[in-house]
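Sharing a structure here in structure tokens format.
Letters are used for the chains, namely A, B, C and D, taken in the order the chains are written, and counting of residues starts over at 1 for each.
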């Protein structure tokens, strides 16, 4: 494959535009709009995918193409697009998911025929893809912010696509407000850098906003950091770090800035939630990586520690809250928080290694983070698509009303199972690979320093283990309650398999999960340019032994693992049960019978274990965090022993919601209401305001 | 070709014609034609200004530099949109029986006069005449505010005229002080009270008097420009006036007042050389920016909310100018333009909503405007996105330009404050509009759709389209013009 | 690190054969300790064969997962077994997976076990799965901490390598780090293999079951595979425990003599650890479900202390 | 310039009349009868015209006569007539209870006068005609302003506004030799006239709709 990336890239960008416009043009004819917009979207995504692969497979040191999309008349602003390794890697993610999700949407959007305008959906979807791609390719902070805001805007419109529900509207607003506050922090952060570059270059030209000059500034700052000169610059750097952490953290959904995420993802159409959870929140990761590794220079230690701890906390809390959910999509949304946490663990560790001067380890940790980024993108999108198919079939998000779908939606069940195994970080799928890398980097981290902070590594490792185990529990619940046993409602009983395109979309992602799990070497190779760019190392060779079949730790004899080998071996070992069967069981017959019902007259769905019940032990163990409330109302006729109706309610408290955000909101509104009294309506008062101003100014002028 | 004269005459003629002979159906079109003409003249004027620096007529009684040309363009554009919108708007009002034909004629007579006044403000050379013109705009617009003759509209008009003319009295005193400061050291009558003359000799003025003068002008014209805390008339007038008038008030009349203030600002900083006027502007600008968001957040009336958002933007413009670097001033002027193109659209949409739902209260309107008036809701959404500063609309660029310029000039605190205020108002407007635009309409409105859903669309589309085009691409002469204007304000001429 | 099919075959057979015996021993000794005669040592073998011979009843509510789970459980346990060195220092498959992979494989087995418990739609199965996953969730971090301690002091996650390092003279067995890590891992072992005080393998009351509750619907060869997988898992964990912390006498080369000694020593070590388990089981009562986390919490603390002490004693 | 022989009389006259203007202003501030207020305003304007005349005479600046004449026609004759007509139409003679009662009003006005002098002090050297004219002018502006929010009746507020106007004119005359350019004077003059007419219209409409002229009833628009 020897095609230049840029024609392809332009094709894909233009494609998105065409798709959006076409969707609006054909708005009135929904079938056409659907096929056109999502068809074009998938083709453009394919082009983007090829471009990214082409660039990454060219290896490190490939020329970094760069063009201006539009002329600009605003000072400082340039619409420059650049394809550098990091950008290309994320371009790979967005295009891969864009492809799968667009194909899926071809079938999914049919569900909106007659209810909603598919054209609008398609148009905004294309725009979202375009904006996200632009975010990954922008080479000028001003342009980056524009793309960033357009992305937020389109995402807002897509989240509130089904705006008839109040829940949806509020979720959309919450998302947009949070995201905008984040953007504010980003603007400030970039402005700080901009000031620095301006000083450095001597003039405030558009150049001062370009990413190269930021990079140059970063080197200057590292120099200052090493020689302990220019404290002012370093202070500004620290402030910038915090601003970026908050700004990108909001988008990535780190605890405690995550509250928009479980609100917005469930209410959006499932293909959109898939994209948001798969790619949109990754833009936060992209930003952090870009800024921390490319712009800000050698980090002080506390950055890494902060990021690592935030990651750990987010991971644990995310999965804990996920366990408490029985709304399928909310559950998945909380898992996004968890996985973002895991990614941040990798990045944080990498920062600490950069600080202590272990570039190889830093690259290892970075690779772990980025690998988990693409993994999470793939399997979380897969899961959301599966949830969408289920939603499509049962018209409910409440797991308690599902069940028995594995028989009715065989393929969806299979795909969802793969996703569940992957996200629970179980071998032989991709989730395990990236977490293995994370573990390895954390373990080796212990030796890199003698300071007390190194205890962070194993502790967060243990927390990672906790997270993994809880995630497994959560997905046993999610898959088991949703797909297994008897249907718990009419809808579930009459569920039907999803359409072909929807299955195809999920199939692609499933294949990706398996591929990334069994053949990590390819991705590691493609990550070489990225690590080369960000930490100056290429370690794919050290990481993969036996020409890529075996994944090995960078240290000598540090431990190796081979998903492919284990998988093959497992297949081979199937011989054992076979032999035993031949030996003893050839004459054993199999019949189907009812489940043991303790002698009652047959089991009813009411007797099954519920999602809430499933997570009860964990709720009890962590009750300090959840503060579960339960209300039991029983009505009885003559004696409490003969209850006629029993109503049971149990709630779990979202600490940050109730302890931070609600009070804050109340405060702001209260203050505003007080201020409202200024505009009391009496002209006398208004005159007095002016009078006082006049008098004060006159006195001030004397 | 006496451009300036034509610019002044065209609307005046239209107004008189409307007063005397024209049948009602024709009146709006007459205005449209007139303002189309002024727009054309304005463009021509811009070319001349770029060619010759300044254009003067009637031996320097009329005077136009890049700044004036820019303002002329804005005024014509907004007035054009307003007249385009007003036709159908008042037909529906007449149908609803909320106005009498006489009042409608009053509107179509006063509006051109209003604009004429504004044109005179930006074209007059003599500061006294400029003052008189500002007063004229106030007087012509107050009757427009009172047009509906409801209790509330009369109240609004009363507050507007009282505060307005009081402020203008102070502004007049300020003008007098300038005059005095000017003829401090040359005995005998001043050769001329023309700005073009004053600005050349400003450095010989009496500084103490200039200070007082600027203070008075600041409060005076600031009242007209709706700077906090003199802004109190603004939400009332904007919410009670007929929507086209609200559009013009918020779209240009505020900025014309700022223009007048700027002329004083230039003189003062030329005279004092210190940051005296800048600091005051900065203070008032920031005050306005921070006063607006809370009111937006707990607002219950659509048009009042829009008015407060105008307060926010006026504050930003002042702050940008006060930061006094070429870039910030450029950004502020750009912001002036973009805001002038955006706000009217919102007010037009509000007008449609008002006429369909017969109220501006959120709780009466309820959710689901998009189902009742799809087109209006769509355009309003776009305009709102622009107004709260989202790309690809220009206000995002201008705001970011102002802030970046501020940072570049090392004014970090101010830039941060601006950003915070902008975010706050963003949250407010978003939260408020999401209460009415999306969703399912109340049953009593559910059937109300489609009959009038395309009314006012041409006007909105015109302004919004212009905004979008100029957001992504500013034609070179315009760009150069704005830069020149920025230099004038920055005192580089 | 060579890849030798023979090794694999041998160890597979060893695992398959040894596992039932081990659980037989434990049962038998327990009975003895409680003054019962108890079943014969090789009772498990005949159980397994019986199960294989029997017909199967599969719940009509169950889906393909139900029949798929037993194979996964069995195979994962087996593969995991191939990752740990038993008699010889060099585990046959250490190249394919380290201790993390081992944990992962066991988790995979548990995952499907729990799904299998949920599939027939009986409340007992669900209850069992829920409890199993909960306990695993609490046990896993403790286990990881303990393993990390060893892995860090050995500088590798490769089990064979750990064992080699552990054999080197510089490694002191009674170093507090290792003692605490061992204690932690032992507690986890009890939890993972469903032993008193965490779970009672011999209970007949569904409400107190954990592991058995999930198997309630299984019969015939599926049940056999499940039981067998469980006992293999138990063998693997015990082996891991003893060989990491007491690597004495393990064969470093493939000479018959070394292997013989290795085998003997290994048997001895297994007997000891099994005895320990038996003692614990007979001297303790089963804990309430919500007391279990406290026990595992203690394990976690031990693990953490172990880490801190490596930190202190370096 | 070389002042004419009787230059010292002119300033004295001016100062005197200015002082009288201030006195009238204070009277205006305290007394409640509306007709009287209008009359007081008329007299005040008359003094203003007088000052203009004096300036014109002593500085033999012919065009300031025009100003004087305009003032007489407009502010002494026309506006009072207009206001009286309004009053007769509305048929209310008395101002309701003001924000500050009479003594407080006097106190405040005193303070404002002080402020006026403070502001004007630096410029005493600049004004050629009478020493305190500027101070008085500023005081007029301030007190007029104060009067505006001290009273509630729409018409009194208009009157107050007009006195502010007078103050401004006085300042114009006092500060600037020969007053402002004629064109400006004209502009200002006609603006004031139009303003008052429009105010008249508004007051009329308000009375029609509210059946009252009490502006404190105009408080529907809040927030």
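Here is the rule we go by: contacts are C-beta pairs under 8 Å (C-beta built on N, C-alpha and C of every residue); 3 or more make two chains touch, one makes a residue touch a chain.
Bear in mind the structure is a predicted one, so any value in this text is a computation, not a measurement.
Under the contact definition stated at the top, no chain borders both chain A and chain C.
Two chains share more touching C-beta pairs than any other pair, namely A-C.
The most centrally placed chain, judged by C-alpha centroids, is A. Among the other chains, the CA centroid farthest from that of chain A is the one of D. Averaging Cα coordinates per chain places chain A and chain D 70 Å apart. Centre to centre, using the average C-alpha position, chain A and chain B are separated by 44 Å. Distance from the chain B centre to the chain D centre is 31 Å, each centre being the mean of its Cα atoms. Averaged C-alpha coordinates give centres for chain C and chain D that are 101 Å from one another. None of the residues of chain C touches two or more other chains.
Annotation for chain D: residues touching 2 or more other chains are 119, 145, 148, 215, 218-221, 223. The multi-chain contact residues of chain B, meaning those touching 2 or more other chains, are 158-159, 162, 166, 170, 212, 235, 295, 298. Chain pairs recorded as touching, per the definition above, are A-B, A-C, A-D, B-D. Chain B contributes residues 158-159, 162-163, 166-167, 170, 211-212, 215, 218-219, 223, 229-230, 232-233, 235, 280, 291, 293-295, 297-298, 327, 330, 367, 370, 385, 390-392, 396-397, 400-401, 403-405, 407-408, 410, 412, 415-416, 419-420, 422-423, 426-427, 430-431, 434, 438-440, 472-474, 479 to its touches with chain A in the complex. Those residues of chain D lying in contact with chain B across their complex are 1, 61, 119, 122-123, 126, 141, 145, 148, 154, 157, 161, 164-165, 167-168, 171-172, 175-178, 180-181, 183-184, 187-188, 190-191, 194-195, 198-199, 201-202, 205-206, 209-210, 215, 218-221, 223. On the side of chain C, the complex with chain A involves touching residues 8, 12, 16, 49, 52-65, 71, 74-76, 78-79, 82, 93-101, 103-105, 107-108, 110-111, 114-115, 118-127, 129-131, 133-134, 136-145, 148-149, 151-152, 155-158, 161, 216-217, 220-221, 224-225, 289-290, 293, 300, 303-304, 307-308, 311.
Considering their complex, residues 99, 115, 118-119, 142, 145-146, 148-149, 152, 215-216, 218-223 of chain D touch chain A.
Those residues of chain A that touch chain C in the shared complex are 403-404, 406-407, 413, 417, 421, 424-427, 432, 436, 439-440, 443, 446-447, 454-455, 458-459, 461-466, 468-470, 472-473, 475-477, 479-481, 483-486, 550, 553, 555, 557-562, 565-566, 569-570, 573-574, 576-577, 580-581, 583-585, 587-597, 603, 605, 607-609, 613-618, 620-621.
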